[in-house]
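To start, the structure under review is shown below, and the notes come after it.
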Amino acid sequence: MGKKLLSEKFYSAMTTLESRYPSKVALLLPALHAAQDEFGWLSPEILEEVGDFIGIHPAQVREVASFYTMYNLKPVGKYHLKVCTNVACCLRGSEELVQHCEKKFGIQVGETTRDKKFTLVEEECLGACGTAPAMMLNDDYHENLTVSKLDQLLDHLE
Amino acid sequence: MPKCIIDGREAEFTPGQNLIEVAKNAGIDIPLFCYHPGLSVVAQCRMCAVEVEKMPKLQTACSTMATEGMVVKTKSPKTAENQKSVMEFLLANHPLDCPICDKSGECDLQDNSYKYGSAYSRYTEERRTYLDLDMGPVIKKNMNRCIHCTRCIRFGSEVAGIHEMVALKRGNNTEITTIDGKPLETDYAGNYADICPTGSLTIKDFRFKKRVWFLTKVPTVCEGCSKGCNMEVHQDNNQIYRCIPRENMEINRHWLCDEGRFNFHYVEREDRLLDPARSKSGGLEVCDWGTSIDLAKATLDGKQIAFLIGSDLTQEEGAAILQFRSQHYPGAPVYHFGTPGVVSSADDAPEDRILKRKSKTSNLHGLEKLGIPGFTKLPKEITALLVIRGGRATLPLEIDGVEKVGLGVFMKDQAMMFSVILPGLSFAEKDGTILNYEGREQKLKRALQPLGQSKPVSEILMMWVNRKKAHGAA
Amino acid sequence: METPETLFIQYFNEESRPLAFYQKNMAGYTAVKKALTLSPDDIISEMKKSNMRGRGGAGFPTGMKWGFIPKQSPKAKYLVCNADESEPGTFKDRDIMRYTPHLLIEGMVIGGFAIGAHHGYIYIRGEYTREAKLLDQAIQEAYDAGYLGKNIQGSGFDFDLTVHRGAGAYICGEETGLLNSLEGKRGEPRVKPPFPAQAGAFGGPTIVNNVETLAAVPYIINRGGEWFSGLGKLEKSGGTRLFCVSGHVKKPGVYELGAGSVTLRQLIYDHCHGILGDKKLKAVIPGGSSAPVLTADEIDVIADIEPLMKIGTMLGSAAILVVSEDYCVVKLLQRITRFYAHESCGQCTPCREGCKWMEDIIERIEHGHGREEDLAMLLDISNNISGRTLCALGDAAAGPVMSFVKKFRADFEAHIRGGKCPNV
C-alpha cells in the first residue's frame, strides 16, 4: 500500500469513534464526512483508503458514497453554494436567487467557476422553510435571503 | 404438514417457506424478477405481489411466509393489474432489442412481458441510456437492458464473497456496475449472466454465437474438479456453445465456476488430435486404427509396462482398463494421475469457500474406490507406459525416459511425447459414472457424437485385444 | 383567549441551550432521576396514558411502540432518534436540537431505560452540521454531569449516546432506510417484516422515534401521562404540537398549540396573520409535501391526525405549506414530483420508474407540451405506484399527483390547451 493520504487526526478520530458502534462498517458515513473535511471532496484514492481502513471493497465505499448527495465525488469550488429550491423556498423566490447566481458567476447550476472559487448547486429541502429562501454556503446556513442580501454575502468572500 | 390455500388449491408447506416456493410446489407459477432461491430476499421488483386475505395491500410473495390457513390469490384482478403495471414500468426504459439480444428466448423479462404485459406502450418520454461496459474476460454489460433487480450485486456479496457489483447513485439514475468499469474479480463471473433476468449481463464467450432456442440441452456433470457440480451442455450440430449450471441443492446449488463453465473449449480445440497417429522425426504421422494399434502393441512388447490412467476417466472406463490389464498385462501396476500435488483423496480439499476443490479431475475418488493408487514416481524396472486419460487430467512430469503410448484426448503438442496416440473421448462425448469428493455417484451424459476418429476407451481396448488374438493365431 | 401551555417554543432561543439553564429553568434532568426509580413497565404505561403519537409523520402511539420491544433479547437493543427532518416544509426538530438539546438527551436516556437499550443514536440529517455540533457539545455536558455514560446517577443504568450524521438523502427519514444508513450502508428501506422492534439497528431490537416525540418524554415523566394527554383536545391525540408553517403567509415559523385545538384556517389567518400581500389563498399542503393538497375551501378542518385523514389528506409532520393565488399549481406539483423522483432510492420498480415518469409528464405540461391524455395517465401511474412500493416514498410521491390533478384539473387543462403556463 502506498503512502496514506488521510491525516493522523482522521485516523485518531476514527479510532475514538470506533467504540461507539458495534460494527466497523458503521464508521463509513462519519469517515467519509471526516475525509471530505480534509480534502473538500472524495477522490477515488481517498475512497479506497477509507475502504482499506474499514476493511471493505472500494466498490462498496463508492456505492454508499454515491447514494448521498453531500459527498462530493468531484472537486468543488472553494465556496459551495447550495441553494434550496424545494417547495417552501420556491414559493419564496429561490429560483430568482439561482438565476442571479448563474448570471453573476457565468455558470449553470451544477458547475464550478473557472477560478475554482464557486460551485453552484440546487439543493433539496434544507429544513429551513420558515426562514425561506435558504441556502448553504459550505457548512453554514443563510436564511431569509434576498438577491441583495446574497450579493452582500458573496461580495465579501475572499 | 401445515397447509394454505393458493388459488383455491390446498398447498402444503414447511414453516418458513415463502409463498413463491409454496406455490411452485403446488404447480402455480408466480412471476418474479428479483427473487432468487440462492440469494437474500429484497422484494424490490414487486412483480410477485399477490393478494393475501385480510391484508389490505398486495403482499410480495417472496417476502411473505406461508401460514396455516392463509388464503392467497395469485391470479385475481388486483394481482393482474399490478403485474401489468410492473411490466409497464420495467419496459419504460428497456430498449426492447430482443431481436439482437442473446438473452432472447430465455429472458424472464421477455417471458413475463408475453404473459403479463401489454402489447402497447404509453411511454413517450426520453429513455435513459448508458454505454455498454466490458467487465473483464467473462461478462459484458448492457445497462440499458437492466431492470435493477440487484441479483448480481447480491450474488457478488453473498455467494462469490466479493462486493464488486454495486449500485451507483440512486433512484432513476441508479447504475448497476463495477466501479470505473473495472474487470470482475471473481472466478465465478459466469453466474452473473445466468441469474440476470434480462440481457444486461451476458457471457462474452456466447454473445452472438447462437439463438438459444436452437440449442440442445444435455444434463451432465462438470469434470473440472472433484466437486461434481451439475451442469448442462448446450450444443447444436455437434458443437458445444456453452455450459450452464444445473440446480443441485446438495452439491453446487445454482452455481458453476468459470473454470468448469469454460472447460469444454478443449473438446473442440483445433489442435486436438482426432486421428490415430505416431510420432515421427519431430512430427506426427496419421495412421489408420489398425496400424496404430499394432504400433502401440509393438511399443510395449517385451517391456516392463505400467498403466497411468487419468482420474478424469469414468468408473466404467477404469473397470475396463483394470480388466484389460489383468487379462493381457497381468502384474502391470496401474496408477491414477490428474492434479499436480493431489496424489490421493487425502490431498483433496476445498480450494475456496464456494465450490472449487483441489483435485482438478472429476473421478479421483472413484478410481481410488476401484483400488487404484495415485502416481508418485515410476518404479525403476518400468520401461514403457500406457497412458490413458480423458482430456482434463494433467500429465505427470516424471515420466521421461520410457516409451509411452497415449490413449485419450491430447493436443498436438502433448501428443509428441508418445510414440503412438490413440484418440479417445472427452467428457462431452461419453456416458459414464463418476464419484465426487464425497463419494456421490453421478452420471456423465453424452452431449456430442465423438469428434473425428476418436473412440471410447472400451472400443479401443477391444480392438487391441482382437488384434492381439489375430497376432497370436498367426 | 386563554394562554395555552407550551413545552418548547418559549425556549427556542440561544440562552436555553446550556445545561445550567436547562437545570435551572426547565426542571432539567429531574425526570430522568424519577424515571430511574420507576420500572420500565411503569414508564411505558405512562407513555401510553400520554396519548403521545409519533411526531415524525406516521402518528403511531409511542407507548405502544415501546411496548413492542422484547423484554429479553440476545442482541443489544437500541434507541434511535430520527432527526433526519427531511419532509419538505418541516423545520421544528432543528429548533429543538439547537435550542433545547438537553430535552432530547434526557428523553433518550429515559426511553433507553424504558426499552432496555444501553446505546442511543441521534441520526441527524447531514445538512444540520451546526446542530450536530451543538448536540455533541450538549452530550458532552451530559456525560460530564453524569446523565450519560456508566451508572447514571448511581442507578446502575448505563446509557451512551452518539450523534450520527446523514449525508443528504430524504429516504433516510424512513426508519429502516435510516437504520441502513446508520450501519454504513446505502439508505435503502428494508423489507418489513421484520420490523425494527424485532430486528433493527445492527440486528438488535430497535425503537426509532422522532426528535419532538423524545423531547416531550421528560415532561410526560415529570408531570404525568394524563396531564400531557390533556394538552390535546382530541381523545387519541395528546400533548402540544409543533406546527411548521411556511410559504405564502405573513409570519411563517414554528407554532406550538395543543394537538387538535386549531384549524388550518386559524393557523394561517390568526397565527400567521394571513396570506402575503393579502392575496387569495390557492392551496394548502397540510402535512409536508407528501400530503395530498387541499383547496382554499377545505381549510376549516382541525389540523390533527384523524380530522385530516377524514378529508383524504394527512397531518404528517405538521408541516403546512401555504400557496397563494398567484403561484402556478402545476409548477408547484412539478417541483414536488421532481423532489420525490430525486429522492427515490431506486430499489423498487414502481417508485424508481414511476416517479421519474410522472416528473417528466408534469414538466412537459408545465412547459406547454402537455397532451390531453396526460392527466388520465398521471392518475393511472400514481395509482400504480400507490400502495405497491417497498416503502412509503411511493405513496408520498403519488398522493400529491392524484390530489393536484383532481383538485386543480382546470389549471392543468389550461396548460395543455393553451400550450403554455398561463402565469408566464
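Order as written gives the chain letters A, B and C; numbering starts at 1 within each chain.
Heads up, the rule we're going with is that contacts are C-beta pairs under 8 Å (C-beta built on N, C-alpha and C of every residue); 3 or more make two chains touch, one makes a residue touch a chain.
Remember, it's a predicted structure, so these values are computed and weren't measured experimentally.
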Classify the inter-chain contact topology: is it line, ring, star, complete, or other?
complete
Return the chain pair with more inter-chain C-beta contacts, choosing between B-C and A-C.
A-C
Distance between the centres, which are taken as Cα means, of chain B and chain A, whole angstrom:
48
Taking each chain's centre as its mean C-alpha position, how far apart are chain B and chain C in Å?
53
For chain A versus chain C, what separation do you get between their C-alpha means, in angstrom?
24
Shared-interface residues of chain B (touching two or more other chains) are 167, 169-170
Two or more partner chains touched - positions in chain A:
63, 67
Could you pull out the residues of chain C that touch at least 2 other chains?
169, 186, 342-343, 345
How about chain B: which of its residues touch chain C in the complex?
41-47, 49, 57-58, 60, 63, 82, 85-86, 88-90, 92-93, 122-123, 125-126, 147-148, 150, 167, 169-174
Quick check on the complex: what are the chain A residues that touch chain B?
44, 56-60, 62-63, 66-67
Residue set of chain A touching chain C in the complex reads 20-23, 25-30, 32-33, 54, 63-64, 67-71, 85-88, 90-92, 123-132, 136, 139-141
Of all residues in chain C, those that touch chain B in their complex:
169, 186, 191, 341-350, 352-357, 360-361, 364, 377, 384, 387-390
Residue ranges of chain C in contact with chain A within the complex
76, 85-91, 93-94, 119, 125-130, 160, 162, 164-170, 181-188, 202, 244-248, 252-254, 285, 289, 319, 321-323, 327, 332, 335-336, 339, 342-343, 345
